[in-house]
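Can you keep this structure in mind? I'll have questions shortly.
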Amino acid sequence: MRRILFLKVVAYDTMNEAIKEYLNKYKDRDTELEARSLAVGPKYLEYQFYQAAAGAGILKEVLRAEKDGFDAVVTSCFDDPFLYPAREISKDIIVTAPGESSMNLASVLGSRFSVIVGRDKWIPQMRENVYKYGFGEKLASFRSLGFGVLDFHRDEELTLKRMKEEIKKAIEKDYAEVIILGCSMQFGFYRELQKEFEVPVIDSMIAGLKQAEYLLELKEKTGWGFSRRGLYERPPEKEMEGWKLEEDFGLEGLLL
Amino acid sequence: MRRILFLKVVAYDTMNEAIKEYLNKYKDRDTELEARSLAVGPKYLEYQFYQAAAGAGILKEVLRAEKDGFDAVVTSCFDDPFLYPAREISKDIIVTAPGESSMNLASVLGSRFSVIVGRDKWIPQMRENVYKYGFGEKLASFRSLGFGVLDFHRDEELTLKRMKEEIKKAIEKDYAEVIILGCSMQFGFYRELQKEFEVPVIDSMIAGLKQAEYLLELKEKTGWGFSRRGLYERPPEKEMEGWKLEEDFGLEGLLL
Amino acid sequence: MRRILFLKVVAYDTMNEAIKEYLNKYKDRDTELEARSLAVGPKYLEYQFYQAAAGAGILKEVLRAEKDGFDAVVTSCFDDPFLYPAREISKDIIVTAPGESSMNLASVLGSRFSVIVGRDKWIPQMRENVYKYGFGEKLASFRSLGFGVLDFHRDEELTLKRMKEEIKKAIEKDYAEVIILGCSMQFGFYRELQKEFEVPVIDSMIAGLKQAEYLLELKEKTGWGFSRRGLYERPPEKEMEGWKLEEDFGLEGLLL
Amino acid sequence: MRRILFLKVVAYDTMNEAIKEYLNKYKDRDTELEARSLAVGPKYLEYQFYQAAAGAGILKEVLRAEKDGFDAVVTSCFDDPFLYPAREISKDIIVTAPGESSMNLASVLGSRFSVIVGRDKWIPQMRENVYKYGFGEKLASFRSLGFGVLDFHRDEELTLKRMKEEIKKAIEKDYAEVIILGCSMQFGFYRELQKEFEVPVIDSMIAGLKQAEYLLELKEKTGWGFSRRGLYERPPEKEMEGWKLEEDFGLEGLLL
Amino acid sequence: MRRILFLKVVAYDTMNEAIKEYLNKYKDRDTELEARSLAVGPKYLEYQFYQAAAGAGILKEVLRAEKDGFDAVVTSCFDDPFLYPAREISKDIIVTAPGESSMNLASVLGSRFSVIVGRDKWIPQMRENVYKYGFGEKLASFRSLGFGVLDFHRDEELTLKRMKEEIKKAIEKDYAEVIILGCSMQFGFYRELQKEFEVPVIDSMIAGLKQAEYLLELKEKTGWGFSRRGLYERPPEKEMEGWKLEEDFGLEGLLL
Amino acid sequence: MRRILFLKVVAYDTMNEAIKEYLNKYKDRDTELEARSLAVGPKYLEYQFYQAAAGAGILKEVLRAEKDGFDAVVTSCFDDPFLYPAREISKDIIVTAPGESSMNLASVLGSRFSVIVGRDKWIPQMRENVYKYGFGEKLASFRSLGFGVLDFHRDEELTLKRMKEEIKKAIEKDYAEVIILGCSMQFGFYRELQKEFEVPVIDSMIAGLKQAEYLLELKEKTGWGFSRRGLYERPPEKEMEGWKLEEDFGLEGLLL
């Protein structure tokens, strides 16, 4: 079995069971799934400060997941906060995130994608990621619903209605061929949207999970993993030990 | 079981068994693999004309694979010839290719990759693909061995020696973090190279196969497949019928 | 005299005379023009598969043109299918195509151009070409008429009306300074459109012909032709002979 | 007087006085300078994890600086960690960082710049920033000294010698017109290098300080400050209060 | 005191006093400001020919300013005509211009900016500058008022009304976070616009002045100035003397 | 007959006859060629200031050429100084320049080109043009000879030797497929270089002339000329008359 942790990088756990149940429908049969969230912090990460505040928790949970024997962890927020540091500092665990995995996939399924976001606020930082990952020319548009993260499941019919309006424009005006739902909390809607518009509508939660399984499979079979040269070169343990980073950051037993 | 066809898009079948055997070590247990090659055409595709000459054969074999009930086909040449038309014209089958799958993967495993090619001739067309897929900023370099496609397995020790020389330069001078072996005929070498340099060395044959499995898994679980809007919109059957494309191109029973 | 073949890369010859007559008004006095089309294949190439199906025919006709003593060939479809392989495999003949020639010209005549296309379907592949040729920053927009290739001359008044609507938007909303008619079948309309909007409106058929004359003139006077290093390096004849490519692809007497 | 905090974003304070003294030679006469560093954390930030570990401290110190009545804060590490979140979460204080300020300046002083880094490891993340800020085409090269952050002042003569070797190559081989010393700990060397090579050699510490003064001056005279739409939209206080972010992150009295 | 010349690069001096008075509110207390304009030439520079016609005058006035002991000169037209040659030919004086200084500043204050221009005609050349300076990805849009340069102060209420309409669209439709008024003659309006929209609205005249002060301050403290390698390498005096450029171009006593 | 003026944009006429004789070998039989140069100014334009000094002369000569009944003018300096203003201000004459025409041509003849320049100084401004014209991705390299403009014909054997050294590197190290001689004074060498390296070596003088003939031919046959919207919109005559630009700039009888 491959043990994968779905890490909802926000500070409430009331949805963890529902999410796990949802994802269990999509996981590989060899995957054993667990869902965790952060102990403290914001309830969603649409501000950069909220992401920063969640940072220590995210890294700690990734390291703890590794300690706990997980094979992979999906750090679930579409902005992919701390994805690169998490890969750098962990030893061997696979780390994925919904933004990178959704965009990589979308770039294969069609020539241009649109990202449906909650609020305009999200766009500048996401655009940064789109370019960072190499998909600037494949971005058809961002389309904004005018919803906060916590609004998506308040009135699901209204959410669907607004999503449909914006997806229609993304397809017809911006020539999007693939739609990405740009927030992991937009989970659960993709099937109906996909049925209506007959283009792939990517649920980023699922995309993160499946990329984790994909990378795990590759690692087991071929040894391909995150390169330890450059971007993901790991800090020297002796140095971290000397600086007492474990103690100072509540990471006892996790770093070294 | 998922039936995947590994389509060596050249006109000799003497290596098909060896390739199948090789890939069987990497396939998922649910995958049933078959290897085919083209009936007529060049023995490798390092010229654009050779690719063009192979085009009809590639498309026919993809369509035939679909007819024969395969779930996916890997069209194996690193230049990805006719990948987009194959996706456009097939009905439901997953089509992957080594270039796209290797680069997508490399872009996740590190910040920059180098592609080890056989001859300088290959570079302009591959560079075109690198940019087309969005990875222009992630390309550290092309490094050329001065070998033709059919030379790689003539003197494997010499091949390894030359590969090591160029990979060393790619890593040290060009800051490559991931290495891609830019020809499917460079199969079989990656493990030793990976061991020596301690960075992921991508065997593009395996990359193509594994991406096919990944996309199959996604399609089964979520229905995500190639978007039928825009790039992969399929031609109308009535039109193809009216023009007798099946008859004229030896595709009887394959198109409609 | 310079003999130029206008190769309509589709499978009907009923318009060849009309096209030849049309182009004769634009040719240089030293040019002797002939119009040919393909023996089999689709009637237009708006799908990638159709282009692929036409590929063997295009390359054969280019090689035959060379054999027949033509000095240049214009392969006429705005997507420029098989332009690069045709240049690679021919020995000495000049090969041009409407997309490349129109965009090169437009980039000199103003700061941004729009391409008027028939259907949305055409856009992804054309955009790819725009970027490949270097004109991504010079693209004001694509504007789509909602017409198939064969519709342009059905009701020419309607075609003109729709063209005018979209060109007006391209100029006023997208700041296009030059208009390209993105299908060779849009021939014959440019003068009236140019008169109405007072910007250059490029008929891509004419653009392809005139660039052929231009490159011929340059070759004769200076010896400048397609570089035989890299992109257009020709395959070795001995190899093609050994593989019997002439026989297998119906190219007897054309390749070697 | 304008009170500016120079925040060395590492966890030792032994150099604070020396740095303050050094910077006092460069400050505007209206500037009153203070130097602080972090309470806990790494001693330098060349790994992404180290930056992440320093994140909470950086943001806390920026907020505390605002509380303490500073007008601006320079967060000093060339990778500009948490620059954007710091601007987003602070209310009114000017936040600058050495990377952004050095590159903005260099882009005005010449057509291309090179960045002299300590180790190859730094390059991928810095390159990301170069592109993010818009200066991809203005980057001549990175040149690496093979030194860690703490090595620069161990044997200053050796440091200078190595710097001179790499700057010479940057100018002669990479056509750099401006040199940036890509680590704030490379302070103190620029004058001699500038004298030798007769091109601007930017000390990033000074660049950060002077940009802070510049932005302060602009704000006072014109009201121009960080836009509160999009990238730097501040989170709603009520929400942060409701989630008890102050308490949970040791930011009592700083956020609201 | 630092003496800065504000050079209105057009041929009328009736507004010089008003401009000086206006800018005196924004200058540093150490700055002594003078305003000059050209002796002959166009009254505004919205055509490239007008800029070319003003070129000799601009360069002469920059050189004369240096001779007259000014420390810096702001060449005020948003297209930054002859900015690079002015920096190249002057010996030691700081030269700034409103376009470069406004965009550099805007790129720090938010993630994307829009430029409000008078007429569509201005856009192609300004876009060229935006890309040249590196800010192509930071450009949200150009928005055009349909006003000529001399119209801005004819009916200021109307000007404000039109500005507000376009700024509103720039913010809401194009996601601009910062607004640049793309003509120095749009001076005086920024405060009210800024108040209304609560985003920075950059008056490019002021931006040019303040960047001049900033660069002067840097030069005095650190010796950083325009690099004399490459772009700003000065022509050899002996050569200019031999060619009698001073005499031929009315630059007696200014070049050598 | 088409009358084309070859305008050597420097201030000596001793080579005009030789150049005319040289170009007469390359012109179309319908072309009647004249060579002029500027009355005053620098002897070459490798500095931006020199170009600026030549500006008034260039524009005057273009306007005079139009007055004198020329159909086209080639403004010959590889930096293309004042090309865009010349097109904007002239009424109907075709204006070409060696940089734009060489690069447009090179982009068709192969996938990447290198530009052989005289001195490093030339590179920043030329690179700017390469990007402006859209060919950033097609630039293999600049290679510098270490020669000033006036040195090329001093010791032609030495010049050839140095050219060969750098072209060899451009082809082998930078993968150039086409070579551009980046200074019109490098005329006369291309044939031998082309013979030696078997790639097109573009003489930019000839390229400018032939593009002029090409554009003339297009204009006569189709009416395509520089778009008068946007970049090349001409200033209103009434305005220029009111401002007395003719008198003030010695353009009597040329502007209106």
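Per-chain numbering from 1; labels A, B, C, D, E and F assigned in written order.
Here is the rule we use: contacts are C-beta pairs under 8 Å (C-beta built on N, C-alpha and C of every residue); 3 or more make two chains touch, one makes a residue touch a chain.
Small disclaimer: the values here were computed from a predicted structure and weren't measured.
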item	value
Any chain that touches chain D and chain A	B, E
Most remote chain, CA-based centroid, reference being chain A	F
Candidate from C-F, A-D or A-C with the same interface as A-E, over half of contact pairs in common	A-C
Greatest separation from chain B - chain, by CA centre	E
Length of the line joining the C-alpha centres of chain E and chain F, rounded to whole Å	29
Inter-chain centre distance, chain A versus chain F - centres from mean C-alpha coordinates, in Å	53
Centre-of-Cα separation between chain F and chain B, whole angstrom	45
Sites on chain C at which at least two other chains make contact	111-112, 120, 123-124, 128, 131, 136-137, 175, 177, 230-231
Touch-based graph of the chains, sorted into line, ring, star, complete or other	other
Chain pairs in mutual contact under the definition given at the outset	A-B, A-C, A-D, A-E, B-C, B-D, B-F, C-E, C-F, D-E, D-F, E-F
Chain E-touching residues of chain D, taken from the complex the two chains share	25-26, 28, 100, 104-105, 107-112, 133-138, 171, 175, 177-178, 190-191, 194, 198-200, 202-203, 206, 210-211, 213-215, 217-218, 221-232
Residues of chain E defined as touching chain A within the complex	111-112, 137, 175, 177
Parts of chain C lying in touch with chain A, wherever the complex brings them together	120, 123-124, 127-128, 131, 136
Chain E residues within the chain F interface of the complex	11, 40-43, 47-53, 55-56, 59, 82, 84-85, 88-89, 120-121, 123-125, 128, 131-132, 230-231, 233-235, 243, 245, 248-249
